[in-house]
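You will see chain A twice below: alongside chain B first, and alongside chain C after that.
Here is the complex of A and B:
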């Protein structure tokens, strides 16, 4: 790892060299009061300051709908065309926040648990994350409670911390990050020795993660699940905006003799998610599905994959139409 | 070698279709690629994702024994979109198969023991691979008892094989149908599986009981086995939660922290005691 400094002009130069290199660049863009990651060509399109995009960046490596393979049927025989990793484009995610970048660790753990997922890995390999430390946070943010922080480097290839002069401290974290820096090597200067912690948002510690995990180990039959989920609509918004939720469905898109098998996002919050063909449903009511959501992220994932399924981005709380707040619910579990 | 796409199925030819019972078919499947056929290996208890191109994938066990080479079999009931799509296929046509996935029955540990198979309805297929496997290696085991029940005589699957097992002197086969499901010439038992198990009263001594069936059957059979003296580590079953990927990623088959697709589908009753029963 190496630390450098880049000036405001240097940033402009670096950005234009990245665009010129032919890589796709996605960055937060503000439109009608909402900030979302969009394909951009110029730094002027990128949102100045933002706390959180509505959607996370997980779709860069785990698209909402992706063709696993396609096929053609002819006289009872089938010809299959495999997913081709060469079709995946080199992509730079610019101005990601650390909580989004941190989502790549749990995603990678899930998609490579014993069986490696060629599609996910193809996207990951061609994606470079230029993360920007957070100077601002809101009440929904709790990254510091889940092993993260406003200047956390997990998942990032390069981490920038903006300075008052419009320049930034640049932490080059991976060979992919180094390669990106090399596109405009002269734009970078020697590290000025600034302490980045001075420029980070204050995100107070809300709960003790290991205490939550310990409580959850025996909480399956707790009444909290019913209490907390009574107003849950089962809409799945929390899963769709989550940077680590990776549950998916496999569906067929077939027309005549041609078809595709497609993977698309799904959610444990949906009643059909676990429904058996016989009509039996192991998670028939919403409280069982809410319990699965929390236990999966804070108990099963650390137990099985050694990583928590939450980065504290707070999107689920912001997106919930009935104002279920994950931070409140998690902290209330430790107080029961 | 380049990384394999775990979602890409093997192309299989349907070699033979057997109508087992109303809506229930067995497909004998052969690999279209000789290379894939030669590289393919599995063990009793493992499952796969079977696909009808144009309809999607469904999860079933591999119903044939690994001791019978060159093909695999699956048995399914026509129920939903995919199984209807599969049922519409004819001999000679192509379908997909991904697998083998999941764990296996610990048959090596069962050497020298007696085996009691208890199955209900369409749950004989996941057990049939173990039965065939045990019968093909008959000298490895002591007594073999099979208790199999279905709603009616017509609903019994593998009718030819049942005849074969009935005729073997080294197999004790007990078949039963639910009250009202018998035909005038039915010679088997009449009654629900748990009751018939109690009546058959297999000895628990140096014995493993394997139970597969609808949840209600399993629920009432476990206490009967306990009453007969079976300990929890002598009882095995398979769980059948809904799955999509089969490889621990799609997120829907877990029972507590155990994934049916990776930690199962085979579980001992001892293991089941540690996971929440309401999730299967």
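Here is the complex of A and C:
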């Protein structure tokens, strides 16, 4: 871990060297009235004024749909072409927020829990995160209540905190981050000893995470789930914008004697998610699916994986068509 | 607002209804509220900011239960209620429909026929920005239109918020959930997304009442409501209905007449 300073011009130089190195660079871009991560070539394309991208950056390591393998049957022989990790390109995720970077910890825990997921790990290995501290937040943000913060370094390879002069404090956090810095070593200067906390957004503490966890341990049969979920429409918007939701479905794209097996995003909010072949559905109503969403993130994940499944990014609250505000719901659980 | 709260509280207090569906203040704008007690009715609000179409809840058995309920309906919600009624999805005796008039008066409808007479005075209008997109699309060649929608569809991640927010998407098993055979590829990819949306538009043909809930719900900002909206306007003269009003002659894609004017169908 080393701290340096980079000037505005230095940032431009570093960015162009990253692009020149042949790595793919994804950064927030404003388009169609939304800010989303997109492949970029120049720093000028990167969005400036926004709080949060609508979607998280998880698709960089866990794409919406990805081919696990393809197959072809010919003369009684089946030829299988497996996913090839060598086809994964070196990728830099630029201007990720600390709550998105923090999402990589639970994602990695899920994809390495009882099975080492070849695809996820191949993407992760070739991904470098250049995170930017948050100078602004909105009322959906609550990173500080879930072990994070606007200047948190968890999951990042490099953390930049922007300074009023257009330059930035650079925290180089991992060997991957160091390698990325080395692409333009001369663009970096000695640390000026600035205190980064002066430049961070104010995200007030909303609840005590351990208290939430303790309350949830006995809340399975609580009426709170029905009360909170009445307006929930049962769509997958919350899960799909979430930086840590990792549920997937496996589907077949079959065409006669050949085809592909595809992994695609799924959501516990869908009524079909737990529907058995028999017709029985253990989560038959939306209140049970909402309970699953909250318990998974705030109870089951810390129990099994030692990490919470929420980074406080607030995306689910912003994306929800009926304002299922997660911060409000979690806070109300601590007040019951 | 007080009159509305009083009305809702009275309906709950005297046991006329077991629940009142309305709106409460939300994070940035009003959101759906389910009042089970007269006390909860004090949270009710009503304004032009109330954009959720509450008719979507009327076909959810787990929410509605078996009792009589009241719904505080905006104009788009009233249109949806009528269409649901035409489709035999509502029991008129089990529903109290209330609206707030332009003069800020609380109005309770005696029956669905009264709703129909009431909404006839409200013309279905698109806002300027939406009309602009429709005009642009109308000026495009078929290839250009396909390109426009394919680009939009590339943003879709199949969260199905459009379906979930639509009062007329009440099927207990949606076509995308059919997997024997798998009619529509279930993963998110531009063409698979297009397949889904074309299917939805077809299923909505002649049924959509133009409330725009699907477009409002889309988290990635696809103007998906314009697809069903345009469909509605194109079909109306052909099938003899007025956009936004219930299609009493049956739905465009699910009716058949022995004396149909088209030869191919006879």
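Following the convention adopted for this analysis, the second predicted complex is superposed on the first by the 332 of 336 C-alpha atoms of A that agree within 3 Å, B and C clash if a C-alpha of one lies under 4 Å from a C-alpha of the other, contacts with A are read in each partner's own complex, and residues count from 1 in each chain.
Going forward, a residue touches a chain if its C-beta (ideal position, glycine included) is under 8 Å from a C-beta of that chain, and two chains touch if they have at least 3 such contacts.
Keep in mind the model is a prediction, meaning the values are calculated, not measured.
Novice: Quick one: chain B and chain C on chain A, clash or fit?
Specialist: The answer is fit.
Novice: Rounding in steps of 10 degrees, give the angle chain B-chain A-chain C taken between C-alpha centres.
Specialist: Vertex chain A, arms to chain B and chain C: 80 degrees.
Novice: Comparing chain C with chain B, which touches more residues belonging to chain A?
Specialist: B
Novice: Report for A:76: first if it touches chain B alone, second if chain C alone, otherwise both or neither.
Specialist: Only chain B; A:76 stays clear of chain C.
Novice: For A:286, select first, second, both or neither according to whether it touches chain B, chain C, the two together, or no partner.
Specialist: Touch partner of A:286: chain C, not chain B.
Novice: Check the residue A:251 against both partner chains and state whether it touches chain B (first), chain C (second), both, or neither.
Specialist: Both: A:251 reaches chain B and chain C.
Novice: Once the shared chain is lined up, is A:234 touching chain B (first), chain C (second), both, or neither of them?
Specialist: In the superposed model, A:234 contacts chain C only, not chain B.
Novice: With the two complexes overlaid on chain A, what is the closest approach of chain B to chain C, counting only CA atoms, in Å?
Specialist: After superposing on chain A, chain B and chain C come no closer than 5 Å at C-alpha.
Novice: Need the overlap of the two footprints on chain A, from chain B and from chain C, as residue ranges.
Specialist: Touching chain B in the first complex and chain C in the second, residues 249, 251-252 of chain A appear in both lists.
Novice: With touch defined as at the start, can you tell me which chain A residues reach chain B in the complex?
Specialist: 68-69, 71, 73, 76-78, 80, 82-83, 110-111, 113-119, 121, 220-221, 246-252, 254, 259, 261, 263, 266, 268, 273-278, 280, 282-283, 288, 292, 295-296, 299-300, 303-304
Novice: With touch defined as at the start, can you tell me which chain A residues reach chain C in the complex?
Specialist: 32-34, 36, 54-55, 64-65, 139-140, 230-231, 233-237, 239-241, 249, 251-253, 262, 264-265, 267, 270, 272, 285-287, 317, 319, 321-323, 325, 328
Novice: Any idea which chain B residues touch chain A in the complex?
Specialist: So the residues of chain B in touch with chain A come to 3-9, 11, 51, 53-57, 79-80, 83, 90, 92-94, 96, 214-215, 240-242, 244-245, 247-257, 259, 262, 276, 278-280.
Novice: For the complex, which residues does chain C have touching chain A?
Specialist: 26-29, 31-34, 52, 56-57, 62-63, 155, 157-161, 163-165, 177, 182, 185-189, 213, 216-217, 219-221
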